[in-house]
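For reference, the structures are reproduced in the following blocks.
Same chain, two partners: chain A is paired with chain B first, then with chain C.
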Partner chain A sequence: MSAVLDVVLSSAFLAAVLRIATPYLLAAFGGLVAERAGISNIALEGQMLAAACMGALVAGYSGSVALGALCGVALAVLLGLLLAALRLELGADAIIAGIGLNLLASGGTAYAVYTLLDDKGGTSGLKSGSLPTVTLPGVESIPLVGDVLSGQNMITWLAFLAAPLVAWLFYRTRFGFHLRAVGETPDAAESVGIPVRRVQYTGLALSGALAGAAGVFLSMGYVSFFVRDMTAGRGFIALAAVFLGGLRPWGVFLAALGFGAAEALAVQLGTLDVPPQLVSTIPYAMTLVALALYAWRRKRRGLAGGVAASL
Partner chain B sequence: MNESGNGPGNRPRGEAAGVDGSVAVAACAVTKTYANGVRAVRGVDLEVPPGEIRAVVGENGAGKSTLMKMFYGLEQPTSGEIIVGGRSRTLRGPASAIALGVGMVHQNLMLVPSFTVAQNVVLGVEPGRRGLVDARAAVETTARLAAESGLAVDPKARVDEVSVGMRQRTEILKALHRKARVLILDEPTAVLTPQETEDLFAAVRRLRDGGMTVLFISHKLREVREISDKVSVMRAGSLVGTVATADATERSLAAMMVGRDLSLDVGRTPARPTEVTLRVRDLAYEAATGQSLSEIAFDVAAGEVVGVAGIEGNGQSELAEILAGLRRPTVGSIRVGGTDTAGLDVAGHRRAGIGYVPEDRLHNGAALDESIADNLVVDRHDRPPLARRGVLHPRAVRAHAERLIDEYAIRTPDPSVPVRSLSGGNMQKVIVARELSAGPRLLIASQVTRGVDIGAMRFMYERLVAARDAGAAVLLISADLTELLALSDRLLVLKDGRLVGRFDDTAALTEKHVGLYMLGVEHHDREQLVAGLDDAGEAPAA
Partner chain C sequence: MRYRRSAAFAVVATLALTACGGSGGSGENSGSTSSGKLRIKLVINGGLGDKSFFDSAHEGLKRAEKELGYELKVVELGSDRTKWEPGFEDAASADDYDILAAGTFDVTDYIGKLAPEFPDKKFWVFDAPVDYSGKNGACSNKCENVYSVTFKQNEGGYLAGFLAEKLVAGKALKGTESLKKVGVMGGVKIPVIDDFIVGFKAGFKQAGGKNSDVVVQYVGGDKPFGDPAKGKEISTAMYGQGAALVWPVAGLSGLGTFESAVTAKRYAFGVDSDQYQTLADPAQKDTVVTSILKNVGNALYKAAQDEKTGSLKYGAVETVGLAQDAVGYVDDAHFEELVPDKIRTELEEAADQVKSGSVTVPSAF
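This part shows the complex of A and B:
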């Protein structure tokens, strides 16, 4: 047991938590923005995967990591807009359309990689590189904190900045007001002249961009190549974090960080004398526990919610 | 009250109002035909001068809502012209109506529940620079508008935590913030308590005196008489006429609305109550949210209508839902015709012979997207004659529906039409038909006539009295005192979850007198409340 504690309290572990939580945080904020705009973005998983693949391929062929990341994020934005169009123009169910986009991303990336590189597994044969790391001057000398923060990927920094940024966007800006109004009561928003569809398209594009950043991090930060289906359900876990966090920026931040910590723990325990099968279930078990907790909380608030719903 | 010209629309079009400001809004020969061929509005000419409160009344489906939607840009006329501020306008949407100074308070309020009052007031026209919202300016603006107009609100309170009355005031402030000169109020009093209604009327009059033109849509003729300067009556899409309110009576307006003389006096005979059907003793209910109940004890006998009065939110909804089996009482006994129902589930309550017309028909009364026929069988689809060996008999379901549609005069082209497409009155008829045709021993009727037109209202009254005369015990819960006094053989008053009044003879009761009990100014002693009830107070008094 003390071996476990030693691991958990080490700076290496905390650094791993930040790194592993990065895609969860970004994808969860992506999910949050879409959810608050009134369209569930269940396609987070596919957007991440498509961005990861596009990023690695473009970076590998062009030699520019920045161009790769940009193209990856752009593809995820396009998928977000596509989801919005399917929902708003054609009246498709957002969940079904999202599942479709996920399947498209899974199959499409595998097909692209196989066609271009003749490799069914991924782009490990293509040298694509990683996005730069950031070290704040002076931080390294601070004990513990220095070890945890220094050398983190720029996207990790971005992920942690996203929480205050999204909170600011939601509660301080006109766009955030409109987004929340549109998501909650589209009729009310429309009746005061807010362009409901335009706000929803913008929200879904932003959602896609955040999921895209998460995806780019996977193939150009976490590792430096694309592997088939490398998102491994992170988009869905991020979606769980959106609801567990009560659809609020800081709640979602904590929930996503918790999922990141659980996975980091699983990775670290794998090096110890704990059955690996058990260890690898930790993130998923935590997801289930978290969702049960969320449902329980919601049930308790159900009566109060009923009053609000009858408005 | 108002000297501005109001001759019939004989001015040349488009010049209706000049600098003399004789017309704030007008419709000239406006017709609206929907894509499905329904002609909702037929050749309506309507002129409203500035600074007038104009009531527009008519039954459901008379076209008044459609006409208002055209003034607010939500619908466009098929032919004819909408005139705002002296010129013919094409209103492409609410935004263009708002820009011309037309504001509308919808019947189902258009507010964002999780936003504060101030945030709702400024939504869409937020103060602040460079894409940011200045929260303090929003609160200040709202407080200033509230003070100027006399519409009291708490700018920082969340809308889902304030009263319906404050929500409505928020809606009006929204319109004022957008500099509305014409305010359309669509059935604004439907959800208000008498006190809130009075406050609203005072504020509306102040706005009128400040030059605001108010279009007031309502079913409630008493309120129309109280608030309006003139009344325009619509029937079947046409404008029947406009009269000065001072020259109109409720009766004459009702006759104009339905095209014949129609009174709401159902002329019921004295009740002949027999044995006690509903027996409630020492009932208490601990509510997590909403109103708790305590020390409730009363009887309802077969063959009588017992009314429950009270300002909304004083426990009526909770009481109705407990009796219908939707909530469990914390303590107390409830017997319906000898069955102890306190521990039963909803199906058990139904088997005990309880019929229930819920107050919120849209949420709890019917499955809106399902057909009339299906809605009429939901409580009896699992047994003959509608089903045999667990398999539904479509022809029997249809025949059953056709019979009830005929019997209850439900206006629909076909039983397969989804309930959602019906008007409020017809929707309610479907629910009442289902509940009454089951032949209940006890009928709990909550806000049966809310939002239904006068014809349907009278129909409901007749049906309730007929059910009573057939031997049902009827518990009538209503926010409408006139209705309670017209129908109840006995009357109970709820305040803060307790019974505070019991009137065994309603013949000489006045609304004012009952109002004193509703407000808590007067109350009956416990002895009076439980007089004649067997075993009352068997549990130790809490």
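This part shows the complex of A and C:
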């Protein structure tokens, strides 16, 4: 047990939590923005994957990491807009359209890489580089905190900044009010003159951008190449975090961070003498426990509300 | 109305029956193409481009196509497990092949079921045997049309472990002189992967190391052989715990190991094929001491040769290892640069002992 405690309190573990949580955080905020705009973005996984692939390819061919990251995020934005268009213009079911986009991204990226590089696995044969790491001056000398924070990728910083930014956007800006109004009841929003479609398009574009940043982190921060289907279900875990977090920015932040911590724990415990099968269930078991807690809390609150109403 | 509908049904049913009859009819004149070449169909439960296992199989069969006069067709079923069983059924029931080749432990059940259904066809299973006993429902014809080849990856693991301990004990790797530990990162805990690891531990011990200095961890999760980010995270943790080198046995997830080796300024071994050759980044190349080869392609090429001469044994398992050159390690200029002469000689001696049978490497099977 003390070995476990040592692991959890080490700076290596905390740094790993930040790294692992980065794609979850960004994609979860992407899912949150779309959800609050009234269109479920199931295509987070596909947007991440497409952005990861585009980023590595463009960076590899142009030699510019920044250009690669921009193109990756732009592609994810386009996919977000496409999802919105399918839903709003053609009346498609957002879930079905999202599944379609995920399949498109999985097949499309593999096809693109194979066509360009004659490699069915990924872009590891193409040197593409990673986005720079950020070290704040002075932070490095602080014990523990310095070790945890120094050398983190710039997108990790961005992911943690995204929490207050999204909260500010939702609750302190006109666009945020409009977005939430549109998501709750589009008809009422329209009746007071809110441009419903424009708000939803903007929301889905923002959602795509956040998922795109998560994808770019995978192929240009975490590692420096793209591998077929490298998102490995992270988009769906992020989606779980959206609901686990109760559709609120700070709730989603905690949920995504929790998933990151569970996975980091699994990684660190894996080298101790614990059965690997047991260790790999940690993130999933935690999800179930958290969902059960969430449901229980809601039920209690619902009961209390019911009592209050009847009084 | 009802009559019309039943009439339509009758027409459709007749068409369907004719269609079935048609495919059955063409099945009779199977055997070979008009050109007389034997047709091999490689069915992959995953995808090409893994830089190791499947790519090696593909390369070996391509060589057989070019040099031995086979026709090769490749079917990739993708990583979605739910599509594998129907994929194999489709592949086996299509009449466009004479030999169906497939690999990994996962396919043995499918092949065991399909082989009796298509007794005129031949099946090659690499890296795991079908259940020839005919128990558990599969192989009702004792799989007498199935050739299985398995690899002594434990012997490759043995050499890796032996070399790892010699390097660590001899303080041969620059920048890791104070470290004693080494890491092995497996994809998932399955017998084939554990066979590498059991061998590694045996070799490590043989060279004078302690088992407690071997850190073992599995990638697991959604894509155990295709999640380089998680592979990098696990390797980073291993280096953090004082591993001088990490040996990934986890397909594309292992690509993450070479990245973390660069950051940690430590070392790694490659697996299955020569990963020094497939990496693009010179800094990553420098971390690869050697690659432990599991030459699936050579084994399949040899099977194709034996098939030509009629000496390939169906209905049985063939096990190949160091002695057959199906398993080995890369000894190139980079290896010579990193590994001192003395250790290289010792490694060769260890390999000879395994080849001659004077040392038996334990197995996970």
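In the analysis below, the second predicted complex is superposed on the first by the 297 of 311 C-alpha atoms of A that agree within 3 Å, B and C clash if a C-alpha of one lies under 4 Å from a C-alpha of the other, contacts with A are read in each partner's own complex, and residues count from 1 in each chain.
As a convention for this text, a contact is a pair of C-beta atoms (placed from the backbone, for glycine too) under 8 Å apart; a residue touches a chain by one contact, two chains touch by 3 or more.
None of these values were measured; they are calculated from a predicted model.
Once chain A of one complex is fitted onto chain A of the other, the partner contacts of A:280 are limited to chain C, with no touch recorded for chain B.
In the superposition on chain A, A:93 makes contact with neither chain B nor chain C. Counting residues of chain A touched by each partner, chain B versus chain C, the larger count belongs to C. Look at A:173: by the touch rule set out above, it reaches chain B but stays clear of chain C.
By the touch criterion defined above, A:188 reaches chain B but does not reach chain C. Common to the chain B-facing and chain C-facing surfaces of chain A is no residue whatsoever.
Residue ranges on chain A touching chain C, taken from their complex, read 12, 16, 19-20, 23, 110, 114, 119-122, 124-127, 218, 222-225, 227-230, 232-233, 263-264, 267-268, 270-271, 276-277, 279-280.
The touching residues of chain C, when paired with chain A in their complex, are 47-51, 55, 76, 79, 183, 189, 215-218, 220-223, 226-230, 232-234, 236-238, 240-241, 252, 255-256, 259, 278-281. Considering their complex, residues 93-95, 98, 104, 106, 109-115, 119-120, 123-126, 128, 131-133, 159-160, 167, 174, 287-290, 360, 363 of chain B touch chain A.
The touching residues of chain A, counted against chain B in their complex, run 172-175, 177-178, 180-181, 184-185, 187-194, 303-304, 306-308, 310-311.
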